[in-house]
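Notes for the one structure printed next.
Which chain is which? They are A, B, C and D, in the order written, and residues in each are numbered from 1.
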Amino acid sequence: MIIIMRPGAEEAQIERVVDRVRAAGLDVHVSRGVERTIIGVKGASHEVRTEPFALLPGVDDVLRVLKPYKLAAREFHAEPSTVNVRGTVFGGKDIVMVAGPCSIEGEQTLREIAGVVRHAGAKGLRGGAFKPRSSPYSFQGMGEDGLRIMRQVADELDLLVQTEAINSRSLELVVQYADIVQIGARNMQNYELLKEVGATRVPVVLKRGMAASLEDLLLSAEYVLHGGNEQVILCERGIRTFETSTRNTLDLSAVPALKELTHLPVMVDPSHASGHREYVPSLALAAVAAGCDALLVEVHSHPDEAKSDGAQSLLPDDFADLMYRVRAVARAVGRSV
Amino acid sequence: MIIIMRPGAEEAQIERVVDRVRAAGLDVHVSRGVERTIIGVKGASHEVRTEPFALLPGVDDVLRVLKPYKLAAREFHAEPSTVNVRGTVFGGKDIVMVAGPCSIEGEQTLREIAGVVRHAGAKGLRGGAFKPRSSPYSFQGMGEDGLRIMRQVADELDLLVQTEAINSRSLELVVQYADIVQIGARNMQNYELLKEVGATRVPVVLKRGMAASLEDLLLSAEYVLHGGNEQVILCERGIRTFETSTRNTLDLSAVPALKELTHLPVMVDPSHASGHREYVPSLALAAVAAGCDALLVEVHSHPDEAKSDGAQSLLPDDFADLMYRVRAVARAVGRSV
Amino acid sequence: MIIIMRPGAEEAQIERVVDRVRAAGLDVHVSRGVERTIIGVKGASHEVRTEPFALLPGVDDVLRVLKPYKLAAREFHAEPSTVNVRGTVFGGKDIVMVAGPCSIEGEQTLREIAGVVRHAGAKGLRGGAFKPRSSPYSFQGMGEDGLRIMRQVADELDLLVQTEAINSRSLELVVQYADIVQIGARNMQNYELLKEVGATRVPVVLKRGMAASLEDLLLSAEYVLHGGNEQVILCERGIRTFETSTRNTLDLSAVPALKELTHLPVMVDPSHASGHREYVPSLALAAVAAGCDALLVEVHSHPDEAKSDGAQSLLPDDFADLMYRVRAVARAVGRSV
Amino acid sequence: MIIIMRPGAEEAQIERVVDRVRAAGLDVHVSRGVERTIIGVKGASHEVRTEPFALLPGVDDVLRVLKPYKLAAREFHAEPSTVNVRGTVFGGKDIVMVAGPCSIEGEQTLREIAGVVRHAGAKGLRGGAFKPRSSPYSFQGMGEDGLRIMRQVADELDLLVQTEAINSRSLELVVQYADIVQIGARNMQNYELLKEVGATRVPVVLKRGMAASLEDLLLSAEYVLHGGNEQVILCERGIRTFETSTRNTLDLSAVPALKELTHLPVMVDPSHASGHREYVPSLALAAVAAGCDALLVEVHSHPDEAKSDGAQSLLPDDFADLMYRVRAVARAVGRSV
């Protein structure tokens, strides 16, 4: 931490800052310049807040040298970490494909879709039983019935189950049925839910919030890691910008940036980001080329009858075709599927 | 709802759309142009989804004429509604001032601050006992102890208590102690929590999310109203933009826009929006001039010792001065404090 | 400037940085911590680039202590500066109102509108003769004929003329006819045009670009000031965000923030920001309460026949009413009109 | 164009709208619903403005069915168009690589860098002789001397020259020396410059502005096309968002979206978008996988001595490595380099 005093700060102000730093148990080095005095603070960790120092009289600015998260940081864990879900490894050489409908709508439809995605080579089945919908008049999900159907179908086809929890009650149910619990973009800063997920030992996919910076995302991951749950997969799914030709703006720079900042595996969801089925294959291939570890793709056999997000769901044939192309790009960048 | 067919859409495609509209129990009017056929749908309410029609073959676009929310809409309730909290009316001629520290940190400090805000003319005391903090290493609030202290101090001074609930458990406690439950920006799309708040009969301040459009905010309000809780106050507190000289960008256009779109009272929080104590008075006065019904302001007697958000908290004298200036601007726009 | 070395940076790397700093004629102070070495650079001005140092091996980050602009900075000119345009002072106690149509469309219409704004108390007449339109099919302005009409009408009514220049050729004409040259949001980073404006001695209103931070705006102002033209008025007119209920998001925090960062007068344009006539009065009053020095408002006597921006133009009666209310709010904050 | 009347609009208001539509020479179809009357307008082209109709009494909304641009639209030119620059084709099967320094800084450095990019397989040399810099204290480019050097070096190595014009004067020079004129992000809405470029017959790379939607970009392209210059290449280079870990947010969804909206070739600039050399290769590969037609990459042999943008410039070896990987990904998606 570096504390920069204003030009012309008084000696008494400098001393008060130094006293405060020492009172916090930290070491200090004062460098007096012609115009300004700069106070270097040694030993300050991610747990020390900069704000109280910034508010002292005579202080111009306080600069944080260390990142505000620790367990999620690459400095803490130099090697990429992997998340092993019943033998499927996220963060290894293989790019893991998780696909399925937006919502679980019934057993027959799900079995049909699950068959398609399994046959094309996906490892996991996605689908929501608890849906955070922006309108109270929209379909809110099948609840536990949906989870039961999903588990049943996935077991028949040897697929992993990834599904969303939206509060304590649904989390309790989800951990009973699912292999991977998903925390959606709208709950990325629902810290109470993150604490509860941190207390479980279930692998978690944490989706980036629409207004969340990468630092915010990593701080949310830190909540889960801090709770003792080390099986965290981050998911880029688009951020909110002024552009309206897509539902959100997929931020693929997040892939190399996260690879530098953190050791956690990175998944990309091109379906929610674009909101248009036509753009999903391009973005999925781009995500693989950018270096992601997993893809999350919406597939539906009858999108125009889907209860949510039909517009962005791939048709079965399109998904099989996408898998073929994903394999080619994966090979080109030294990965496999 | 208006369905626009692509140029050259086939007759069979048009018929399929018409059949689907009728199957949904809606009336239809087909207008065949030289280039395009346009299908007007009559009787479609906010509960009808446009997406299934948009996905039918030959359809170019589906335009919604009605808003996706109803109970929150001005069309539904032409007169401004008011929220009466133990005699203090939000949405009337008086601009209601709610002020206090970011977090409850102890009885003595709170009493000191509460005395200041009461003396200057505030009607409500703000303060968090449950804090949604972006870092797990930050102070997370005093919990029920904080609520107890807050109630005690507020009762001594005849102030209303406004405090945040962040999940089911905290909501249960908050409704026991508080007069107004606050839903924070990070939980604006925590729909499960909104449903629970909708099931209570406690007045609620619903803060706009950092990436939430006004339509999103009104849909979240719709959750609460739909649950039967009509005492909803909306709160603008800044949205996330590229500008970094302030913490968030206070969107004061939201005030006249919300006044047009909805009947609900509008509060403005200039403290969280700016993140800088120095900018709070200007923005508070601007909010009053723009037509807000209430202000939410952070005040702290020792900001450099505050456990959160000290940088944006006004000092006691500054708050008293602000109240004086708020009164002057309120009078200038035909309001009172 | 402060150069932060990576943990474990080698001695040779530190020496190379120190040599580079000295080679740039700057003084240096090295502070060796347990984990990191921090190099303080003394005497670095706004003209020194941080990037070359940031790229040296072993360097983690380079922090700029000084702002990248100088002439525009409050540090350089502690007192607010004023711009005196033929006796009308921007930046003084009076809030200056400039109003008129978006485009000059003809003499009769302009005379009608100018009469309205003059009678209501405006000091300046706005109107574009050269229009930067997003579509090549839109009306591009009357050119020199428009300027001639504008000058004529303004002289009859004793109004100042504020009009936009969009390139060298139009600037040459504008300076012959106008009292204030306006640089529009789309040209805020047209640095060649800024240099040409800097070479004139005509007062200039510099509008903030839709994606420009306050720092960008002040750097653009620096171009004009650096050219020797000190008569610069900054204008906030809305930035681009995800919110679609208004055309742009008026950033009124910019008013107190600019007052802190710079000595230049600040104008606010609520018309372009909102894009809706209905929201203009609220935002105009809010801008005055926030502390702006001038307002720029679109007025049209027949908005539905306007060749551009009719939707955001006030009607004559609305403008007269607004002026009345602006006076009241100005008085409430110790200003006059 | 579809005009939606307010519920309860009066017959006289409906008639006035119909009269106005007919006065504009357009055909009309009135559909009276239970709640609302909807007026379909036939024959309205991209040249008809919706605003004057929107402002008529009783009108709720006016919906545009046609896009506001024509020559740039896919509807106008169903097949992808190609731009042939002295035998190098943009928009064909080959992905064209253009690389080089940010600024031309001298003959020797440029020859060194040009040799590297040519040897690795690039077809074009980039480099700025006229630089739009945000600070007036930054290096502004070598001007015509830079162009002369660039032409000389490119001719020696059989490379195309792509360089930026920033106003009329520089455009006059650039067209004499360059094969491709570049219009930078900051000038994307400098419509006067676009008109001048439209009047030349030189191929142009038009970069997307930082706050420009795809529709804005296509409207700017329309200016050039409308002037008669059909050789337009669009370039995605990142938009401005709240995320700060990259300089801008590269919007790769723009690639499939532009491919749907327009027939023009699409280039991607991963260097300016990210601002970090480390992220450039990932984003370049992603752009190829997403379906771009060309890449624009910054390369410098001594980035820490570069006069601009060294931080995002690839080193020679990194560029050679990138070309190798670009070839692999291109093959995987059925393209070549």
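FYI, a contact is a pair of C-beta atoms (placed from the backbone, for glycine too) under 8 Å apart; a residue touches a chain by one contact, two chains touch by 3 or more.
All figures in this text were calculated on a predicted structure; none of them were measured in a lab.
Trainee: From the C-alpha centres, identify the chain that is farthest from chain C.
Mentor: Using the mean of the C-alpha atoms as each chain's centre, the farthest one from chain C is A.
Trainee: If you tally contacting C-beta pairs, which comes out ahead, A-C or A-B? Let me know.
Mentor: When A-C is set beside A-B, the one with more contacts is A-B.
Trainee: Quick check: how many Å separate the C-alpha centres of chain B and chain C?
Mentor: Computed value for the inter-centroid distance: 31 Å.
Trainee: Give, as an integer number of Å, the spacing between the C-alpha centres of chain C and chain A.
Mentor: From the centre of chain A to the centre of chain C is 38 Å.
Trainee: With centres defined as the mean C-alpha position, give me the chain A-chain B separation in Å.
Mentor: 26
Trainee: Touching at least two other chains at once: which residues of chain B meet that condition?
Mentor: 211, 239-242, 244
Trainee: Name, in rising order, each residue of chain C that touches chain A in their complex.
Mentor: Per the stated touch rule, the residues are 2, 4, 7, 29, 31, 33-36, 38, 40, 42-43, 60-61, 63, 65, 240-242, 244.
Trainee: Which of the residues in chain D come into contact with chain A in the complex?
Mentor: 211, 213-215, 239, 241-246, 249-257, 259-261, 273-274, 276, 278-279, 282-283, 285-291, 325, 328-329, 331-333
Trainee: Could you please specify the touching residues of chain D with respect to chain C in the complex?
Mentor: Within the complex, chain D touches chain C at residues 46-47, 49, 51-52, 54-56, 68-69, 132-138, 166-170, 186-187, 189-193, 195, 209-211, 216, 219-220, 222-223, 226, 239-240, 303-306, 309-311.
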